[in-house]
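Mind having a look at this structure? Questions to follow.
We call the chains A, B and C, going by the order they appear; numbering starts again at 1 in every chain.
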Amino acid sequence: MIPLITSIIAITLSAGTSLVYATIGEIYTERSGILNLGIEGMMLMSAVTAFATAFHTGSLLLAVLMAMLVGMLLALIHAFLSITMHANQVVSGLSITLFGTGLASFLGQRLGPESNGFNLSGMSAVKFTRLQVEGLGDIPLLGAVFNQDPLTYIVYLLIPVAWYFMYKTKFGLNLRSVGENPQTADAMGLNVTKIRYLYTIFGGMLVGIGGAHLSLAYTPGWSENITGGRGWIVIALVIFSMWNPSRAILGAILFGGINAVQFRLQASGTDIPSAYLNMAPYVATILVLVLVTVWESHNRKVGPPAALGTSYMREDK
Amino acid sequence: MGIAGVAGNGQRELTEVITGLHPVLNGSIKINGKDMTNRSPLAIIRSGVSHIPSDRIAMGVVGDMSVANNLVMKGYRRAPITHGGLLDPRRILDFAKRMIDSFKIATPTPATHVKFLSGGNIQKTILAREIDSCGGVLVAAYPSRGLDVGATEAVRNEMVRQRDRGSGVLLVSEDLDELLSVADKIVVMFEGQSMGELNSANAGVEMLGLMMSGVSKSKAEKEYYGSDHATGV
Amino acid sequence: MQLVFEKRKAVSRRAIVLVPILSFIVSLILTGFLLMAFKANPLRTYMAMFIGAFGSWSNFTETLVKATPLMFTGLGVTIAFKLRFWNIGAEGQLVFGGVAAAWVALFWSPFLPAWSLLPMVMLVGMMAGAMWAGIPALLKTRLNVDETLVTLMMNYIAILFAEGLYYGAWRDPEGYGFPGTKLFPEAAWLPRFSGRAHVGLFIAIGIGLLLWVAMNRTKWGFELNMIGKNQKAARCLGVNVKRNILVALLISGALSGLAGVSEVTAISHRLQQGLTMGYGYTAIIVAWLSQLNPIAGLFVAILMAGLLVGGDQVQMMMGLPAAMGLVLQGMILFPMLAGSLFTEYRLKRIDPRNSRVAESNEELSV
């Protein structure tokens, strides 16, 4: 029993890693007042970029950096459209997802080796391996926490740092005020446009790392549906964590856990058809969303940043 | 009937309860003799209530639709705008032109989106629509707030004309001169409660000011007339 | 010289027509750079795509085959977007409609006269699509749950549900392990008129025209417009916002459901893998590029279908991935979104000599 639970914890954390990166990234973006629904496309693009880079260069560091860069570039497009051009943020995010999905699929069929018809799927490349922390990794149950890949270890640090930055520093205060009330923030001398650009791109960078984790660590390799809607689950997790980076871990554990249990059930050969089993994360997302929304409507204190999704134009007022 | 009070003392809520936008928790609302407590906004509109809302851009108009369309946002439900089950664009235009003329709405064309108009002309658009469709009761919240002198004048004149025509006008305002010139009776509200009712003929600005700061009617009368006496005016 | 945005005095009609067309051209140019990066000649590629999609009658019928579900889903999404209800669940509504159609076609035929089978298939398919859109609409209007996420999650659920059926309970026992149901009885086939092009096309066009009238000439359309552009004002003016959202979403879902019905009854004649071709997502592009105009939407659907068919052709002829078509589609909305600003604003030059006298003097002296 203990080895089983240990393995479920291990898979949960590994499955949750990409979710935490992307959730924290999106929390920062939304806190600045920008809603980015392009996460799914950005994760796909960064996953294919990371894998292609790892495949051709053999460098994991370069692969992650490239994934970050791609995440930032796509976020930059969204920032330009929604901040500078005042485009509808929902549609802009959707088009990032549509574009990212299409381009990732194109690149996946084009960046592979000639011997495989330029196809990347089915190839293997260098990947992140689990590193056991000396001494701690042998503890029953808890050992799973210290038997992870480097990107997961970084997540352990990222969560408190992201929380501290947002709630305990001047920069975090500026970020939150821009998302709550850009008019006032502007009057206080903050550069609303610059701050929104900055955190939209920063969010894209974290999403990029999340995408890289998928294709380099969690399910090493490339397939067109590697994300399986994770980019959308992230949007739900942002609501679930009530725009607080420290709570990103809860959602990630919940959804990572669902993945892990699914994984174990399938491995143990259950009677439930895999299609129905695979519905679990999506059904859970809807349920969680309904519960959180109802709960939030009774607690006026929590809720989305007041200016989320609205563009800010000085001349308007 | 005028409602005086410093903004935020329940006047906006009062208008929104009357027009059916907020539920009635206790008490009842009678319109033209019929009980309309907790009916839908549409039922209340049908019973004859017109509403000039406090936030004209957010609640009074659809900025991204044309002036003509905004003018028929009450009338589109019935003939002559609806004709044989379909909206008739020509009749909408005719109606709009008439309204633009008679209310002197300054707009480049009837097809111009309302959000491109000035605040005064947006308010005139609302006024034209609400007064044309008015069936006896006009609820107006801060109708002249933020308008220039000309537009303010036009709005007040329309209120008076409505009253003279026999409609019940409920005017919520912070502008005491406006209340005194338009309303026959004035109720002062403070923290959601009525502080008393006055006849505008014998109510002075100072008296209203006292009641608006929470002094009850009887006390205010004493103080008001008392102080008059003391200074010997 | 400096450029700033200046608000126009009225919405520019010319910009409304020009922006989508220019967006398409910009998308072609941007994708051209991508093609050049992979050592493909953009002009030859586009020519091949064009010929593949529109070059002959038989190619064009294939484009119409793909345009039909795009019309249905595009119109469905248009209704929802008109209300600013972000229904991105057309894909799931399509699949669920297809599943329900298969259910009727496969299991009801013994109990129904042959003539009534197809109408029943279509009716139940539409109801299923409506139901799949009605759930998020109810969650939104009753509990204010974000519709974007619910509609999207329901895509995955519907797709997996269909998969569970054609891999499991409904799998054809004589299908040699092929993931799909038995062939439908012929009474449940939607007739084709040329190649694989079928009468669903005419139904879609008819609905498109009808919808244009409904949206522009009826009280219903007028209220939809008011709600979409200012929900609060609509409520003040006596419009029943919640009921309108629910009804509109039922219609929206029914149309996407019809897309699924026509796919299974006219194209595959069974429920099988490949029902989800992304039509529900492309529908978003159709709706937005047509600026929520149902008649424009019909043409945009044909254009998008052309990109898909053209992409397939390019793959066969030049070995470029068929996802080309998807890249082109995905690229279109970027210039479109950027360009929308110009319908309300225009660029204005500020002469620095007037606004910044001191600086220009310095420049002169240098």
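The rule is simple: a contact is a pair of C-beta atoms (placed from the backbone, for glycine too) under 8 Å apart; a residue touches a chain by one contact, two chains touch by 3 or more.
In this text the structure is predicted, and so the values were computed from the model without any measurement.
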Once the contact rule is applied, which chains count as partners of both chain A and chain C? none
Relative to chain B, chain with the most remote C-alpha centre: A
Closest to the centroid of all CA atoms, by its own CA mean, is chain C
Which of the chain pairs holds the record for C-beta pairs in contact? A-C
Rounded to the nearest Å, the gap between Cα centres of chain A and chain C is 27
Approximate Å spacing (C-alpha centroids) for the pair chain A, chain B: 50
As a quick test, compute the distance in whole Å between the mean CA positions of chain B and chain C. 44
Can you list the residues of chain C that touch 2 or more other chains? 7
Could you say which residues in chain A touch two or more other chains, in rising order? none
So chain B residues touching two or more other chains come to none
Touching residues on chain C, where the partner in the complex is chain A: 5, 7, 34, 38, 86, 88, 139, 143-146, 148-150, 152-154, 156-157, 160-161, 163-164, 167-168, 281-282, 284-285, 288, 320-321, 323-331, 333-334, 337-338, 340-341
Chain A - residues contacting chain C, complex: 37, 77, 80-81, 85-88, 90-92, 94-95, 98-103, 105-106, 109-110, 228-229, 232, 235-236, 239, 273, 275-276, 278-279, 282-283, 285-286, 289-290, 293-294, 297, 315
Residues of chain C defined as touching chain B within the complex: 7-11, 213, 217-219, 222, 225-226, 229-230, 232-240
What does chain B use to touch chain C in their complex? 19, 21, 40-42, 44-46, 51, 53, 58-65, 69, 73-74, 76-77, 82, 85-87, 89, 108-109, 111-113, 116
